[in-house]
Amino acid sequence: MQFACVFKRMLVVAACALGAVSTLAVGAASAEGRLKEILDRGAVRVGVQGALKPWGFPAPDGTLQGIEVDLGKSVADALGVKFEPVIITSANRMQFLQQGKIDVIIGGMYDTAERRKIVGMIEPAYWASGPSLMAKKGVIKNWKDLADKPVCGKQGLYYNKQVETDFKAKVIAFAGNTEAKEALRTGKCIAYLYDDVGIMADLDQPEWAEYEMPVAVLYNNPWASAVPLDELNKGWGVFMAGMAYRWQAGGTLIELERKWGLKQSDWFVEQNKKHHWDTGYLAPQK
Amino acid sequence: MSRRPFQLDPRLLVSGRVLSALDWRHGAALLVMFAASLTFASAQSAAAPPATPSALATLATWTPHILRGFVLNLVMSFLAMALATVLGIGLGLMQISPSRLLRLPARFFTLLLRNSPWLVILFAIMYFLPIEIRIPGGKPIEFPDWLKATLAFSLPVAGNVSEILRGAVNSIPTGQWESADGLAFTRAQTLRWIILPQCIRRAIPPWMNWYALLTLSTPMASIFSVHEAVWNAQSSMEAAGARPELLLPFYLFLLCLFFIYIYPIAICTRKLERKYAVAT
Amino acid sequence: MLELISPLFRELYDRTGLNFTVFYERYEYDRFVGGASVSLQLIFWSLLLSLIIGVLGAWSQNSQSRALRICADAYIQVFRNTPPMIQLLFFYFGLGAFTPAFDMGGYSQPIISAFGWAVLSLGIFGGAFNVEIFRSGLEAVPASTLEAAESLCFTRWQTYIYVSLPLAFRISLPALTNNLVSLAKTTSLAYVISVPEMTYVLNQVWSDNVNVPEMMWVLFLFYVGVITLLSYGLHALERRLALPGYGR
């Protein structure tokens, strides 16, 4: 009899659970005054990339390092709170932000019109990149040379299809960059399709001395940090916009570029000039 | 047991398997082979510029990071197996129920879970389960990616546990049900006191087999950036400059890692199988 | 085919927002058909290879050479006790680097493509299970039957091919069916080395068109369909070949 009882009880519990699940509401957190919340909490949670050198990648002891991590730390320092990095993926980052699991994304996110409907994109952007190619020297002259040739890429990048349809290339998309680059090195494809900034970082390494970036980017898309949409014009969003302006005008980004061994991109120099405030009027008039 | 000439042993027909020699020395020899190929693999990197550390040195630097990931593999495998066992027993009991209303849906779900590839179930769970569920008034229940992956791995195993249970119950001679009937046991009592205790013994070896298979599937979570051993290995390779000569030693190391964990389980499973095969 | 169904699915999209791109857009449809055909070929060749390996392995496990027996045993243990996904990555990236390739001007066509490595790796993985299954079948063949063959002056190989193997095959068919079906499911793992099979293709489609739920259904139904057909076929074979007088 005991068993029957247990079984019946299990059924009742299961039925209750089912009932509970059906009445669930999946809702978004509405954070009121995020800036105050962060200060009260004493920590800022920053969504960063986990495996993209040199933006966000692990150190051997498991902690994170990289440009985006440094940017996140500068936010924490300015607020005088603890820095808490949270690794995000392109699939979950906007959800994390909406649900309040992170306060800000500094994670290689393209600023696009569709995304602006979902999250609060901070202006000015802190980086920019666009699709380009890495290939053995002299093999590729322009994008049209890709016709009917295998091209290695990374899964989930939305310019893969564009390169397939516009240039008739056969894109073989791998799960990780290491794999895609290994496929290029062993000659499984004619070129490696990726963001120009990533390619430039690789070309600085001695292993890739025989390779080049033979084509110009198809387009340049800024990377913006983002806060929850309803925070964009409140304290938190305005504070982040100030940080982003300082990163550009104050030369933080150029410093970080140098620190992590990146080549200076033209977009960058131009942005720096644009945001630089001419303080010439402060000089004593003669 | 004496066999008549030209007579097949029906026991072998049912179990479909015979025990192969398995012992520690075998495993140790295989590990030596692994180590040898690891050294060979790192010798391949001699062509790299002298300033960069050798592939083996890089692997040594990142080993703690990969091992930390492996702990997550183990945690996922334990949780998923526990969940699969509970779900599987529930489904299995429904499958042997005399009520058609319980039996048919259970049969359908078991078949569905057993017939879909693990990877497809993983994709479905990862995309469709929300990150958190809010119960009105209560605290939100969070589903981080690794927990979702754990749930995804438990589902196909639950289908198989359900099938193991059904098979084990069906392998108990009808006479036992009838004698229990004769003693005025109810169906539930018969199950609880007579049938299921015998099933446990029969079900343990296949159950352990499924645990091993489940653990071997956990690396699939790396596709969704769950920070387990394979993802950590891949991110370490990226951090170490994505040098191609790293791939061979890193993947070999991962193979070793799983082998060291799974092989003793395989030996244990075989021992139990042999023990129970003799006992029956 | 596409002309026939495309208006239907286009209208479905316009009316309900259910976006089955692969059934009305030429580019995605071609991808889908390609993925289906690669998946089916992958399943066929991996199953075939695993069967061949199973037969040969079972033979070498029963051979008189000790070295051959040890090799067969080591093979089984290594491939049964490591994750198939890492095996695939290891084969493709680890060993793929050492195979010869033809220069095609800037890139090279390796002798073994990603598809080839997937077949090899999955075949070897599934084969490790098949060896054990066949061997258990062989061991169930009564010794007296083998003695009878010997007295008819059959050589060892002849006995294996004409007497033990056919019997063992029929004995081990139930276990074999299970393993082949599970291997067919495992082929979706070829996704990790970018073989353009169904999982990979639909993954591309949904990241291009942001229609994950619809494509997930297509993926799910494709595999459930293929696996059900396969297991139905194998079970029919099992019933035809069942040894009379045994089992239910």
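Going in written order, the chains are labelled A, B and C, and every chain counts its residues from 1.
Simple rule for what comes next: a residue touches a chain if its C-beta (ideal position, glycine included) is under 8 Å from a C-beta of that chain, and two chains touch if they have at least 3 such contacts.
Since we're looking at a predicted model, the values are computed, not measured.
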If you count the contact pairs for each chain pair, which pair has the most?
-> B-C
Geometric centre: closest chain by C-alpha means = B
Find the chain most remote from chain B, comparing centres computed as mean CA coordinates.
-> A
Distance from chain C to chain A - Cα centre to Cα centre, in angstrom = 38
Go ahead and note the Å separation of the Cα centroids belonging to chain A and chain B.
-> 35
For chain B paired with chain C, centre-to-centre distance based on mean C-alpha positions, whole Å = 20
In chain B, residues with contacts to at least two other chains | 223, 244, 247
When you check chain C against every other chain, which residues touch at least two of them?
-> 89, 93, 97, 192, 203
Touching two or more other chains - residues of chain A = 175, 179, 182, 186
Under the touch definition given earlier, write down the residues of chain C that touch chain A in their complex.
-> 27, 89, 93, 96-97, 101, 103, 105-108, 110, 114, 192-194, 196, 200, 203-204, 207-208
Note: in the complex, chain A contacts chain B through residues 1-4, 7, 10, 14, 20-21, 23-27, 50-53, 57-62, 87, 89, 91-92, 95-96, 99, 101, 175-179, 181-182, 185-186, 202, 205-207
Spell out the part of chain B that touches chain A in their complex, as residue ranges.
-> 48-49, 51-52, 61-62, 64-65, 68, 90, 93, 130-136, 140, 145, 186, 188-189, 191-193, 222-225, 227, 231-232, 234-239, 241-244, 246-247
Where on chain A does chain C make contact in their complex?
-> 135-136, 139-140, 149-150, 155-156, 158, 160-161, 165, 172-175, 179, 182, 186-190
Quick one: in the complex, what on chain B touches chain C?
-> 3, 5-10, 12-18, 20-22, 26-27, 29-30, 33, 41, 112, 115-120, 123-124, 127-128, 212, 216-220, 223, 230, 244, 247-248, 251-252, 254-255, 258-259, 262-263, 266
